[in-house]
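Pasting the structures in now, so scroll down.
Two complexes are shown next, each including chain A; its partner changes from chain B in the first to chain C in the second.
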Partner chain A sequence: MGVPMTKITLNRVYAVRDHWSLSASGTFNEGVHLVSGDVGSGKSTLALMMAGLLPLSGGDIEREEVTTSMLSLQFPELHVTGLSVAEECESWGVAPDEILDAIGMTGKKEVSPLSLSRGELKRLHLACVLVKDYDLLLLDEPFSSLDCEEKVKLCAYIGKKSQGITVIFTHEQNILPRVKRIWEIVDGSLVDCGIPPDAFQNWHHVPPAIKKRIALGSTPDNISRDDFLEAECRTQG
Partner chain B sequence: MQDPRIRIAAAAVLSLAAFMSLHGAAAVFLWWLVFTSLLQLAKRIRLVFSLILMIAFFSLVLELFGGGGLSYFTRMTVIVLIGMWIFSEQKSGEFLSIGVWLFGNRAGFELGMVAEMGMQSLISVTADLDRIRMAEKIKGMQWEVRNLVPAGLVLVHGALVRAEDTAELLAVRGYQYGGTMCPRFIIKPVDIVACMFAVGIFMFSLIPVSEFFILYR
Partner chain C sequence: MITAEFMCYRNLAIDALSIKPGITTIIGANGSGKTTFLKLCAGIAVPDSGTLLIDDAPPRETEIGWVNEFPDRNILFVNVFDEIASPLRFRRTPCDEIDSNVIACADAMGITHLLTRALRELSGGEKVLVSLAAALVHHPKVLVLDEYDSHLDVHSLEKIEQGIRTSGADYVIRCTQQMDNAIHSDFLLFFDSGRITLTGTPEFVFPFLKDTAYYPLLWGCR
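Take a look at the complex of A and B:
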């Protein structure tokens, strides 16, 4: 008998609000998944539903071998429960010194988390979230408020993850990690675009840089910067 | 109700009627049952329940120490229902329309815009509060009194940041004072009927009903 696989299945899940609706079906297996979509398309709503924090208007979600889960909300300040940065780290169950050293914020232990810039707070929040392993990790717009350097670091970290399901909900188009599967929300429905590079054919939100590469005849294998550079080298010979 | 002017006028007289007497509150409750959508209330049931709970607490204190708690509870609960009705019917842009209709394109526009911003801020704070509670669940925290301080700080911080952003946006766009707007209102016959009933209830609430019923005394 094989090792039971972690997976989450959405069975005709839907959410309805005044003049807006979202429907989703599909199975998320172990690995990194990307869910793209326009602003307001329902990415955050889907993330909340998958985390079990928002009641479904219909359908159901099956979780197999998912014992630990985590959702990182788009706006890091909403997670703040500590009156100082040190307290905030402790509220996540992590040692402040270790985390603050790692993200270059050593001197800010006693500072209020709300006095940090949005970028600093996002870095602190992601560092606290990513320090642990979860069976299901849902990241809602993890790249927002981060500069290019931090986005690259985050991608590298996510790329190294070897266990559990990681779902990234984002409209980021430039710096992305290597993913196993691409999904997108189009006209209120979650669509499974498939596995890259074949997924690029069905993906409405395919980043312009990848589109350009495809037009030049060198389709990248995946959506990370390394894949893109590799495809570029191929074109240039 | 489509016309915000009629809606606000009706809500004002109904609130006064409910506040002034117990029989007025009963009549307002009947009006509320007949002319409003209960579905709208169901969407905000948690907020209504919390407010009623708070009123119940103060009513109990009043009843224990001076009397009249039951009457206070009934009247205030009806006022909350009217408040919830007007809040759920309110649509974006209505305050601006009313402001301009009342006081013109300068002072009226300004007042209407401030009211719109206030409403928007209230909606944002409510949404933030929902997300904060979710974030606390994520951390495995319970909704406790001691968590109110950080949650309050986050809410205030968010409101201040949004206010600053809006002010900067208006400055960047060269906004100085007033604007131009042609408010349009949709008046439906049923709205006028509802408003007339509301005025009737207000007048009814002024009548000292107990004078007519000896047994009541």
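Take a look at the complex of A and C:
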């Protein structure tokens, strides 16, 4: 008997609205997964269904060894419950001083979260979310509004996570963490593109910079910025 | 030209700046003043001191199209058609002209299929596409876009880049955290702590950011 593995399996899950539908099957094992897809293809819908927050139109989801889960919504403003930044931190069970120091927002304790810039609000929200470990962490557009340095920091954090399932739903093209598996939504279905770098061959949403690298004959091992630069510099000696 | 002279507003201070017609992209860290500057360009805020003028006129006397960084904060109406039509209706444009303009604009943005939908049912990216259409439909002289691209896929972005370039706006002022998009600009402004520290073409500015996360991946080791 091996150690039980955390995993989430989608069995012919589908969602239907008027002229739109999404179907998804597949198993998400431990590690970091990337889900890409066009605007309106159903990334956020899939995230909500995987989080158990949206009823399925059909199919079922099996969760094994998933006792804690968290969905970070695309719009951080939808998570806000506190009237001040300090209250918002407390609502997540986080000590305000500690977390605000860590994200460089020490002076903003008494400010309303909704008066922060979108980037600041996203930073605050992610800091509150990431303070805990979850068996299943679903991040819907975690990079939107973050500046490039913050995106790099988030990638480093995600890259260091050693346990649990992390699923990133994103349009981000440039600054991404190393991932175990790539998925995408094409024509209303979730498709398992596979493991990088082989996954690049099947991936419709491969970022332009990676596409360019492949065309030039040096495929990066994975999708992180470091992998990309390594591949680029490899060819330039 | 868009010109700023000894302009101060909150934590933002610009001694001298001139922006030629074309696409200007603002880059820099969260909290560096990018949105504040965009609000001043759009006339949503006015400088505490100094001047900011667009072809010698204050922004509030200029036709502006504006997209907020919070997609939901752009929305005034229930359905997509009404939202895109609103800038024309506020101007009392004749109804048949409104219809043809909205349809043409939705077509250019690739969102004709959304016209009868309710905005609250749309995805984040779709809301941004609708907001862009509403900002473009009255053919503004200045288009101000705050991080419009952070919810859009590559295919939508290509379409929109085309829409922006052919919009007829004399000036497009936008901010982004996608450096591979920023390279498609005529002019870049790099903001740092409420100051503009670098200005020029992408070819001029990015080499100064070579070892930072702001250097475009598409340019890699070049």
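Operating definition for what follows: the second predicted complex is superposed on the first by the 237 of 237 C-alpha atoms of A that agree within 3 Å, B and C clash if a C-alpha of one lies under 4 Å from a C-alpha of the other, contacts with A are read in each partner's own complex, and residues count from 1 in each chain.
Criterion: contacts are C-beta pairs under 8 Å (C-beta built on N, C-alpha and C of every residue); 3 or more make two chains touch, one makes a residue touch a chain.
Quantities reported herein were computed from a predicted structural model and do not represent experimental measurements.
Overlay on chain A: chain B and chain C clash in the combined arrangement.
Once the two complexes are laid over each other on the shared chain, residue contacts for A:192 go to neither chain B nor chain C. Of the two partners chain B and chain C, it is C that touches the larger number of chain A residues. Shared-chain residue A:70: touches chain B; no touch with chain C. Judged by the touch definition given at the top, the superposed model places A:91 against chain B, while chain C stays out of reach.
Once chain A of one complex is fitted onto chain A of the other, the partner contacts of A:82 are limited to chain B, with no touch recorded for chain C. In the superposition on chain A, contact of A:205 is made with chain C only, not with chain B.
In the superposition on chain A, contact of A:48 is made with chain B only, not with chain C. When the two structures are aligned on the shared chain, A:230 is found in touch with neither chain B nor chain C.
Once chain A of one complex is fitted onto chain A of the other, the partner contacts of A:150 are limited to chain C, with no touch recorded for chain B. One listed stretch of chain C collides with chain B once both complexes sit on chain A; from 41-49, 59-67, 149-157 or 203-211, that stretch is 59-67. Shared contact residues of chain A with chain B and chain C: 75, 77.
On the side of chain B, the complex with chain A involves touching residues 128, 131-132, 134-139, 141, 147, 149-151, 153-154, 157-158.
Of all residues in chain C, those touching chain A in their complex are 28-32, 35, 69-72, 113, 121-126, 128-129, 147, 150-156, 177-180, 212-214, 216-218, 220-221. By the touch criterion stated above, chain A contacts chain C in their complex at residues 17, 19, 36-40, 43-44, 74-75, 77, 117-120, 123, 141, 143-152, 171, 173-175, 205, 207-209, 212-213, 225, 228-229, 232-233, 236. Contacts from chain A toward chain B in the complex involve residues 48, 51, 53-54, 70-71, 73, 75, 77-83, 91-92, 112, 114.
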